[in-house]
Structure formats: structure tokens, C-alpha cells
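The letters A, B, C and D name the chains in turn, as written, and every chain counts its residues from 1.
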């Protein structure tokens, strides 16, 4: 397994194909727009070497028996799924935010493991063997694997093949003997700057004429004809400024747009190529795991927010017990998304291919919590932390160090701690609640409305009604009403 | 194992010592104040005989290897703890309310199993052997076991031994060679009318001078000098009226006051008698399980409320999809308390005595949800169901059948179903949301404020702060502030 | 103006036409099902005679210049509308619940004052003169006037004239020279037992073929061929039991079903008879006032709940400051519905007929709060008050006085106050939160969903979009999307 | 009255004493850090000239009878206070954010109008005449007046005079015949860059030894020895970037730190100088108005958020009716803070000095809503708007215009509108919910906890208890419990 240094070295060696602010990023490991997220991901490698965390961050490969990164493992039972949730919580604890270059890839490979198995059963294809070979190799190379799902979609009222522009979802434009050629884009993809490879999953809702859109594969991040543009995030220009106005050096989130201009993918890396019936299934496999584990993510950030708020109250000169009711509510919120993630994990079941699929109803309920509770947690953090933290209403680092008036600002920012320290703590609260540390967890992995739709789809309303009829011993059938309109 | 008939027969044979409305209840199985709860408990025996439910309601005794009621089993691993949660959800599904004559006893015997083990380790006593012998016998006899914790307490600012009246918590008034004599009361005890025996747990917060209050034992419900008075519950007079104004015949909750006027308990049934240091531990053991499993209870009632609301919307002539957003929220509430119960169960650990203790933090977080989410669920049910269900604002069963104007009422109550059926459905919603079916789940098993206190006690705020300091790389120690006052 | 005694005397003299539990109520002022609500209404008369409250409960008639009950006045400006809100809060403060026999009538006469004016403008009818003459006389006689809107409706997917049974909404079955004859029913009508007369309003959504359903009039409560059946409410059987299990003697709510079996109404009491276009307008006039003022109602009950909770915490032996966060939230809830009622009142405008119509958007927003915030207030009250109050889990009054064990119950119910007092306070909390004192404020005056529909109807989404476009200087028109299905 | 051009000209002429990022801002009207807020404030002058808005933005001076800016008027009755609320809503509607350079000054001058009156009554001083003369002149000059309250405070557990550093609150360091000299700072002061003058209010909680801290005055913004440092806000570096990444050109908020290094204030501009007993009163006068009117602010921003969300849903290709439930909730939130502001305004009373003081209880309840409801509104906006808006996860303006790949990004950002427009709309949602447009309304004008404290202070719990006792006819006095600790 790689050391942190080897990991960063592996990134340095890759072709430059990532842009931000109109410029090509030469070396992702040192460029201000990307180095923080890479330092965040480095902590995975660092922590994997510690006694405290190695059990969580590594596991034994079910394919080779070797010790591997958990992020490249197959999740084969409930216990390992719970460890996935715990690992995500840990990584948010350590970095304060998302290490998105690994978890989507991790969930994606497990989803495709099951999906390729099912496709092969029906179609007699060899996708499952391909992903197996690729994965054994990937484990050996200890790669960092990002994952990509979301297509731009264009006009959302029409399926891909009816779009004016056929490229609005990623699709196969050429099938060759040795592989496929794909065109299109994937939007808002986390952590690619920190990744060596990317696994691509198909979208959903495809019918037969959309077959060319049902495509899944793994590619090196720096593959030819793939252009990556990093998106903005709140206060991201501060990444380029000196000092502590971006207060976190060893963590950070990036989200990118991937543009495929006729990218070639060799057959051994192609895991789906036209089997449109399985695209929904692939995504559902993905979702069940993702929406369980994301409960650990927001809990992990919530833990840091609890700590930052309590620390801020001390820095302001107040005992944090004054805010006990609020802190307790924040902890309840954290434990709720975490607990729901654990429950969804445990109540899952084993897929014939050997991987574990968490319970769909509970994981989707959890997505709704993930899209609401952290907002309350952040509001409470701002409530506790006071006006300076609410919108980061403090002088810039440059002003704090002005030869003209910096000393006066330091004097007036002082409370229970010196002005510099208090400002840095407040910047941390800002970063966590309204700054660069806010991860896109509401829509990441799908929207809460989508999650509610799945909860509804999983709901047999007649079964509920029959429960109530039985309790009330109501013998009459209560037939459904035709809906108007 | 008993049949439902044998179960009821066992109750019929017992001494009459239960009162309500100033009168002695001669036969609990037919008296209107108690027969519904007994019919509810009977469904446990019935369902245990069905293929569908026997796996949940029975298990193999870890003591004898015999098939026994799960309610009399030792919970020895996470899986069995999850089954406990599931069993509670099932019983609320079947009865619409609480079968309290079993679950407190079940949790109580497990809590005392661990506690007696620990006491014996320190004190060299033989309590653990006693409870083991009693339990093997109880399993053989397939008894229904209620449990009792709450003492009246009197002046809450003083410990038991400083009360003006020493009886305000249950205590030992005499120690004899063959047993102990106890005096005092236990308040708000669920389901004793449906039980053969009762297991008594001590209160908490005892210091050495309170040693006589640290007492635990199991007694027959009809033991000499024990007087039981059933408490009221909303709309309980309807239990005595004809017709469907209490719409549930096969379920119902009772909660009683137990008055011990120098009750003798033989040694073999005494599980704690003075070991005050272990009273808090006994209660914490109890709480961890109870507050996990109660998530299943309120989810199970919530399921019935979802069904009753959807059925009501149909009966009113509306498609339930109109209320999809509300129904989804109700389902989310149910799955949240259920999921948190499962998570607390799974994240527990094994006690040296062999029983499983769920995670305290999560089970107490769940108690907070249990004390809030069902209120929203009930509000939404009333919202969906309309004015007649909101406060049960419909004519009485007697009026609906009046020879003078009953036909007219039937005519005007009609909507998508006939007036009689619609009224019965609305009465069911009333019963579930503001009537006799509302279980005391907010304070049952302890208050939400108590749960928050435990969450706080489990919280190491400095550890949270250290997480945040690490993320923000803040090297300064941020010391706590002395609290004013 | 009447004294309380004269008021009750006026009810005694009326024909008996009210039933409950299958029996005719001989004298409403002494029958257990009705006397409490009448004692509640009596307090209006009593308080009108006190210096403290007479300014709120009386006013000067804009028709005659005489001092009259505010409940029979025309609301002619914002200040009087605010006084209406205040009066409702006061009456809930004094009785703990709804004095529904007056406020619906009050709002109804004002709504019909405006509506008759408008009808006459278009149709040249003389309805406005009729209501004026009737009102002058009603003020002189100082009558208590209930109001009735809700029709049974039957199949809600069809208009009245398409129902299988034409009687499912109240309608004119005969037009005579001297008046009209009506048949049908009005459901869930508050306080008729305490009223001398009833003003009837039409339903909504009527088209031309429904003209006979567009009918409004005022009749004596004991008019011929009108049969009244009182509905149940939670724990209403306790009204008939001795002692304090219904803890409130001078307040109570009744809601009745009115059955019209070809009731004759003389012309001078008819205010609408076929002008179907004005039925919606009548109801909207009613709603704007009603949904403003009801904010005072639930605030007024909330005040009592705050007091009962604080008193209960003391009775339990706890300082209420322990619950400060909760009590403050309850107060915030109260002031919110009250404040929104005041704001809707103030932002209204004068109708050409001279009466004041509150702002529709704000009054409907308030209806949503009225249907949600009091549920939180009640939950908090149960949280503060403890297990005995949550579901009234205490022995009955009869048991508390049992010669056999009553003394023991008294002993064990004791805390900071004696057992009897503590029980009575807990019963009060029960009554307010899950008992007979809970008014039907969620659906009373229309459902929250209906209120949201009006808020939506009042919303010009394009205007909002234009605000945003202007702020973002977005020049493009962003056209609406055709909705699928 | 000034034209927008004259207003900007008046700012250009002032001495440069504002810094950001370590640099002196030469001309606030064109510098990227300040020009947006000035363009926002300019709209006040522009709109005051339109028929549509002049009634709201101007009024007749109660001192001179001249037409003046409402922001410089005395609020002398409820109607004018409501117009204040409406004006704030309008300005947020027009600028999308806070025009803080006017409202604090407006509230501040009214608060000091009343306070100086009271001081003079007791002390025989002439402060009231001074403020009157100054105000008449200020109205004539049509100045823009910011206001400043918040002191740095230092160690919050100690009063100003016990601080290690006496400057931690602003204080008088010298009293001269012709005026006073002050030292210290005011923190987080809105809109000073857009103002001609600043009115300073004292802090609270001062005792006699703190007399020198009880100081109030008005000074030109560019007065000698006053240094101003602008604070950061989320994504504020974008103010300096080209293009639409800060999407709002005609609005923006600034908040500054004012550093007084022995600033001289002539007597005629001093409104309090040592009368420590009146410092709390001054602040309470301020708070009552401020916390009423701020309900208009957040409603006004909420209106823009509603519009931006609906526009975004269209741009994404969805009909906004899909989100009706969410949009309705957002509207309810807006109308609630607005309505509560109106109610607090209306229920106020006239101070002997002639100005109107809103109701303290309701205005403080409103502060709690202002600190919570907008967070829900913003969460819902992000929920509706999708992943690109949630954290502004889109390419930068520079990338969208890259000659290399800009066209491809434009293509893939396209949905119902072209990629450029869609991106700009999403940036607007970002700006409103997690960007530079988020005003500091939670702690601005004081924290929600402070507001709750005032609600509590206004609460006579015994009066509530007496209401409940009366309803339950409980004759016993229920005495308070001594609180432990």
C-alpha cells in the first residue's frame, strides 16, 4: 500500500488536464485550487498507517487475501458496510469536509460489481470478469478512484435520445473491436483532482432507444481527450490568498466538470455498453450504499462543527454549557444521520454476486435527514458562535497584519484568547457553515425529493391500510379514489 | 408454550386485587377496563403459533435449549436485540398500541441478569443464580411478566431516606431469614392486568443511607398485600360503553399504581437487597435496551396511523396521493425511530454475564425522537383525516343508532363509504391520536430531558474541540471558562 | 344588556331539541353534557360587567349608538378587528377553551353584512336591509348567536346538484311568498347549545345549477323541525362523572350536528337565496376575519397551557426555570399566532358596506400556524408536566376517594403539594392537551391545506420572479415549463 | 432631496479612511469592495423619485413640514412604524440584500430622540435640543446616516471598567469645554462605506463606574482619527473578479470595524456623555424598533429567494408547481417575520418625546423567527434549485468564457435556457443562500438568545399560573420551588 508521499507522487506524474479560472493546473499537488483536497486525501494514507485507524481504513481483499485500502474493497457483509459508514465519519473528522475522490468510486465499484454479475447472467457477457480483473489490479496498484454519475441532461422533460443535442448525457459514439468511444460530460464530480482513476456509472430512466447511454467504465483521470474543469465553491478565491482566511490546509473539497471529447475506453475497462435495462439497477445499487454511508459523512462534519462551536464559545469568553441545549441538539442531529446509516447498512441483504446492498427504504429516509439536519446544525453553530462567525464578519488576514492598523484590530478582536486565535476559530466556523468546507450533501448522491420518491415507491399503502383495518376490525374494503385531473 | 386460551385461563385463576373506579375487578379477562388489553396480549400467543410471526415471537432458550417466548429470553447478541425491536413494532402493528405487560418485564429481566452478575462479583452474593433459577422456571411456565420501575418519589429535591414519609420510594422494611418485606408503591405500571408476574427494579441516584431502597425482585401479580389501582387514560369511560366509540376490541393499554403494604418476597425471588451502588447500573442497563426498542413501538403505531390516515382520506372521498408529502413524512418519522433503535441495538456490546447492552448514546438520542416525532405524525394524521377525526367530533354510537334520528345521522356521515364505516374509521384515528390508543411513550421509560442528560454525560466535549482544533490546526489550548453563578 | 342569569334564563325557556347519547337534553343549563359550555359563555356576560374587561367585551353599536356586546357588533375598522382578536384571547384565558357559540356567529354576521350589500348592488334585492333590521333587533335582545357553515357534502368529487342524495348540502326545497323551506344538515357546529339563534352561511364552489344551495339565514336555535345532536369529544363521558376528572366546570366546548327537516325561514331572516355567485364571496369574507381572530384563540389557550405547565412543574417539586427554554418556546408560539392575527387585522381594508376585511394572505398564513404551533405547545406541556399528565395516567377521582385505598393513593400522589391538588393540576394539563379542552382549531374554520391554497392563489409567482430577475439583472424571460401529465 | 448622482457625489468628496485587504480605498463609489453597496443605497434615492415608491421612501418631517427621506424621519405613530417595516422589505426586494447604511442610523436617531428626552427630564441637560438641531440640519442636507452599537467588549465576564484594557468598549477619554474625545472601537457596522455620517449608540449593562462608556453622538464618517476597516463576507473576493460570479451589481452589504483613536466630537453632536443609567434604555428603545423592522428585511430577501428559486426551477426545465409545497412554506416564512414586525409595530406605544416604541415582547419574538425561518427558506431554495446552486458548483465565469473549452461548458450548462443564463441564475441563488448576499440577520441587532431573555423578562409567570388556576378552580397557592445550586 502507498505512503502519503507515494500517493502524491503518483498524482504528480499524471498528465495535466485539469483547469480552473481559465488556466491549466500544472501540478495538482501544489496548486492552491487543488492542494488542499489532496492533503485531505493524503490523510487517508497517513491514518491507514496508524494503529488507531488502520482497522477502519484497510481490510483484507476478498479477491486476493491481501491487505488493501477499504476504499478499494468489496463490501460483503453488514459489518463491513457499517465500517464504511464509520470510515466516512472518520475522514470528515480528520479533514473537516469531503474526501470525495474516494467514496463515490468505492460505492461505484461495488454497485457495478453486482450489476455486471446480473447483466452477465442474462446476456452471457463477461463484464463481471472484466471488473474483477481490473479491481484486483487496482487493489495491487492502490489507486485512488473517483466516481462519476451525473449527466448534464439538458431538457429534463425528454429522454437522452430525444434531446436536440445527443451529447447531453454521456454516450457511446463508436464501438470498436478493442473498445468504445464516448462523448458527453459528467457534472459536479467530487475529488477527481485527487484521483488516479475514475469509474463512470450510467444515468437512469433509459429505454431501448437510449441504449448507447447505458455505459459504465473505468479510466485513468488523465486519459486522452478528457478535459476537466474545476467548479467554484463558496469563498474559493481565498484558496489563492495568503494566510488563514481559508483556515483549513489539510482538507478541502473539489467538484469538477468532466468533458469527454470522443474518449476511447479499451474493452477490459468497459463494464456496461448498451444494456439499458440495467442502468436503473446500477444506480439503485449505488444509491442504497451511498445514502447509507453519507449519514456518516454529515455526522463526521457535524462532530467538527460541535467542537468548533464549543471552542468558539470559549474563545468568546463564554462557558459552552450556556449553549448545552443547542449543542445537544447538534449531537442528536449527528447521531441521527449516523444511526440511520448504520441501520440501513445492517438491514440490507447480500446480492448473489457477493456484495452487500443496504436497505433501500432506510437509506433513502436517511438522505432526507442528510438534506435537512445539517442545516439546523450549522444554524445552531452560527447561533452559538456569534456575529463574527455568522458570515465571517471579520477583517481579512491581510488587514489583521497591516502595519498601519493591524495591531489595533488584533487588540479589538481579543476576548478569552488573543485576537489572532479568535479570528482563526471564527474563520473555521465560517468555513464549516457558509464557506469552502460546506460539502454538497443535499444533492450529492441525488436530491431529497428523489429519495422521497424511492421511499414512496417502496411503500405499499394498501398494506398499511390493511394494518389499520385489522386493528379497527373494519371489514369493509375501502377502495381507492380515482384522482381528478 | 401457552395457547391464547391457556393464557387467559391463567389470568382468570388469579386472586382479584385490581381496582378501577372504586370497584374490584372480578375477572380481568372480561371486565371492560381490562379485557381489551388482555385480548391485545393474547395476540402474542396467537401470532407465536403462526408461521409468519413465530420466528419473531419465539426463540430458543439460551438456558435450556427449549423453544420459548422471546419475551422471556435473554438477549445475547445484536441480532436478537434487533429482533426485540422488530417484535415491538409487530405487536403495535397488530394491536395498534402497547402490550406493556411484556416488554418492560423482558427488558427488566435482562437488566437484572447483568446487574446480579456484577453484584455477585463484588459481594459474593448469589443473586445471579436466583434469577437464573427463577427464569428457567418462568420460561417453563410461559408466564407473562410485567415490569415496574417508577417510584412516587415525593419531594424530588430530597433522596428517599430524607423524605418526611419514608415510603415515597419502595423499600425494605424487614429482612427475614426467608426473605424481605417491602413497603411503598410503583406508579404508572403498564400492563399488569395482563400479567402473571411482575419484576421490580430499583430507582436511581441512591447513596448509602438509601440502601434499603435498592431492591429488586419478582412476584406474582396477585401476591398478598399488593393492591393494584388502574389509572385512567383518555376517553377510558368509553371502554364501558357499547358500540364502536372505543373502536379497538383487540388491543388497549392499561397503566396501574401498585401499592405494597408490607409485601413478603421469598429469598429465591429477591435479586437485589441493599446493594445501592448497583441501582443506577441496573437502571442504565434497563434504559439502554428499553430506549432502543421503544423506537420499534412508536414506529409500529405510526404504521397503523399511516394506514388509518390513508384509509380515512379514501373514506372521505379523496385520493390519498393528495396527501403524499404528509404520508411520506409520517413514514420517515416511523423509520427514523425504528432505524435509530436498530442502530443502537447493533452498536451495543456484550456484558460479561452474556447479555447484550445496546449503545447508550444512540438509544438515548432515540428517546428524544420517540418523544417528538410521533407528535408530528399524529398531527399530520389529524390534518389528513379532517375535522371529524381531529377531536372525534362525531355523534356517539348510541346517537348513530337512535330510532329517532339515527338514520339521518347515517345519511349525513356518508361519503365514499357508508356513514357507519366512515365514523368507525374516524374513531380509529381519534383513538390513535387523541384517544385511548395513545401510549405514554414520551415519559415511558424516562423523560426526554433525562435522555438528553445521558447524551450529555456520554459527551466528551474536549474530544470534539480537539477534532476541530486539529482540522483548523489551532495550536493554542482553548481553556474552559469558569461559569458564573 | 343581559346579566349571566338572564342569559341562562333565556336558554332555559327554549324548546328542547338537542340530543346526546340518544337522549333529549331537557335543560341545557343543568345537563352535564351542556352546562359547562354554558357556564363558559356566561363568563362573557359576567366579564362584560367588570371594569377590567368591559371595554373589550362591549362596544357602541354603529347602528344605534347603544352599548352592545362586541359579539353582535359590526367590525368597522382595524382597531375593532384587533379588539376581536384580543377578545378571543381573553375568553380562552377565562374558560381555557372555546366559546364557540359566539365567535362564528359574530364573524358570520359581518361576512353577510358585506355580502348582502354586494348582492343588492347587483340584483336589486333587499337582503342588506333585512340583515340590518334583524341585527338591530338582535343587539336589542342581546342574543347569543352561533354560526354554521360546514355541509356534510357527501361525495366530495361532485357538486351538490350532482350528488345521489340532493340533501348532502343544505338547500332550499320550497320557495314561498313568506319565506323559504330548507333541508339538509350542518356538521360540527360549535356552541349551539349555548346559543339563542344561529346564523347559517352557504358553502363554496357553487355553480348555477347549485343555486338552491346558495342560502343564508338566521333562525332561533329551537326553531321547528330543527334537530340538534351533540358530537362527542375526547373524554366526554367524564362530563357525567362526579369529581374533578373533568377538571373544568366553567368552560367547555360542544360541537353539534344540525339536521334541517324542511325548516321554514321567514323572508325577513333570509339573507341569500339562490345568488350562487356570492357564496364563495361570503365564505371568503368569513375566512379572512375568522383566520385572523383564531390566532387569538389558540394564543389564549396557549397562555393557560403555559400557566398549567409551570404550575405542574412546581407541584412536581421542580422550579419552572428548569424548563425555561420550553416555556419560552410555548410563549413564542402563542405570540406568533396572536401577532399574525393582529397583523392580518391591521393590513385589511374597508368593504364598501362599512365592515373591515382583514388581509387574506396573512390570515391564511396564520391558519397554517394555528394548525401546527399549538401541537408543539401541547407536546412541550406534556414534556414539562411529566408522565402523570402525558395521558392523564392517574387514578380516577373515585379511586382517589376510595375508603379502601384512597388514602394510600393520596399519599403516593403527593409531591410539593398534596396528592389531591397535584392530581387536579395534572388533570388540567390532560384536559388542555389530550382531553375535553382541546378545541378543533386545526380544521375549525377550514383546513390548513385550504389555507395554503388561498395563499397560493394570492401569490403572483411571476412578480416574485421579476424581483429576482431585477436583482440579478437577468434580461432573459424565463418562461414557464409545461407541466407533464 | 438628493438625486442618486448627488448622493454618490457627496461620498466621492469625503476623506478616504476606509481600508480593505490592507489597502486604502480611494473612491468608495468605484472601488470593487464598496461600489456595489453604494449602488444598492443609490436605489433608495432613485426609488424615492418614482411614483410607485415615493410614498414609502419619503415622508413629511414632523420638525419642519418639509418632504424628507423616511430614513431621517421621526417615527411618530404606528402607521409610520409599519411603513418602516414596508420600506425595509422594499429595499431588500430591490437590492436583494441589506442597505445597512441607513436603517441602523434611522432606528438609532429615533432611539436617541426618546432617550435624550428622558435624560434631560432627570438631569436638566440639553441633549434633546442638540439632537433636534442636528436632525433638522441632517434632514436638510439629506445625509445618509449609518448607526453603530456593538463594542468589542473583550472579556465578557467583566464590565468595561474592569477590563485589563479600558478601550474594549468605546469611551470618553477627555471632556473638553467644546466637546469630548473618545477612544475604542465599534465592530461589525453595516453600510458605513455608503454613509455620510454615523450615529453612535452606547452599549448596555453599565453601572456607575462605567459612566464614561455611556456615550452617544453623531459624526461625519470621515472625521479625523477614525479609521475604518471593512470586514470580509462569504465569497467577497469575487467582488474583485470580472464577470457574473458575483451576480449582483446593484446591491451588496458591507460591515466594518470602526477604530476611534481619540476622536473629537463637538458638544452639539454629543447626545449622551456619562448618564450610565440611560444606556440600557437607549438600547431597549433601539431594539424594539429594530427587531420589528428586521422582519421586513428578511421577508424582503425571502421574496427574492422565492423568485430566484422558481426561476431556477424553470431554468432547470421544471415547472415550479412541482415545488409548490416548498415555495408555499417559503412564502409562509416571509409573511411570518413580516407580519410579526407589523404586529409589534402596531401594538407599540407613544413615548412622551413623541416617537413610537413598538411592543417589546412581539419584536423580540420576531427576532427569534428572524434567526431561524430564513435558514429554512434558504435550505428550501437550495433544495428546489438543484446541485449547481447548492454550493454554486459551476465553472467560474472565466472558465465559461475560455477560448479552449468555454463553448463546451456553455453547451453542457444549458437546460431550458442557455448555459450562460442558467449559470447566472444559479449564481444568484448561491449569492442569496451561501454567498455575499447573506446578511448577518441572526446576530444583527442582537442575538436570538438575547431576544429570548427579553421575552422572559417580559413574562410574568405567576400571571400565567393564575390564569390556569382560575380555569382549573385550583384554590391552593402553588408556591415556587427553590432552585438547587
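A few comments on the model shown:
Here is the rule we go by: a contact is a pair of C-beta atoms (placed from the backbone, for glycine too) under 8 Å apart; a residue touches a chain by one contact, two chains touch by 3 or more.
Worth saying up front: this structure is predicted, and the values here are computed from it rather than measured.
Put simply, the chain farthest from chain C by mean CA position is A. By number of C-beta pairs in contact, A-D leads over the other of B-D and A-D. Separation between the centroids of chain C and chain D, computed from CA atoms only, is 40 Å. Chain geometry summary: the mean Cα position of chain B and that of chain D are 52 Å apart.
Centroid to centroid, with C-alpha atoms defining each point, chain A and chain D lie 37 Å apart. Residues of chain D found to touch two or more other chains are 157, 317-318, 416, 481-482, 484. Here chain C touches chain A in the complex through residues 157, 325, 481-482, 484-485, going by the rule given at the top. Those residues of chain A whose C-beta lies close enough to touch chain B in the complex are 82, 93-96, 247-251, 303-308, 310-311, 313-315, 317-322, 324, 327-328, 331-332, 335-336, 338-340, 342-344, 346-347, 361-362, 365-366, 368-369, 416-418, 421, 424-425, 427-428, 452, 455-456, 459, 461, 463-474, 476, 478-484. Contacts from chain B toward chain C in the complex involve residues 19-22, 150, 152-157, 165, 167-168, 185, 187-188, 227, 229-238, 241, 245, 255, 257, 259, 261, 316-318, 371-372, 375-376, 378-379, 382-383, 386-388, 390-396, 398-399, 401-402, 404-405, 408-409, 411-416, 430, 434-435, 438-440, 442-444, 447-449.
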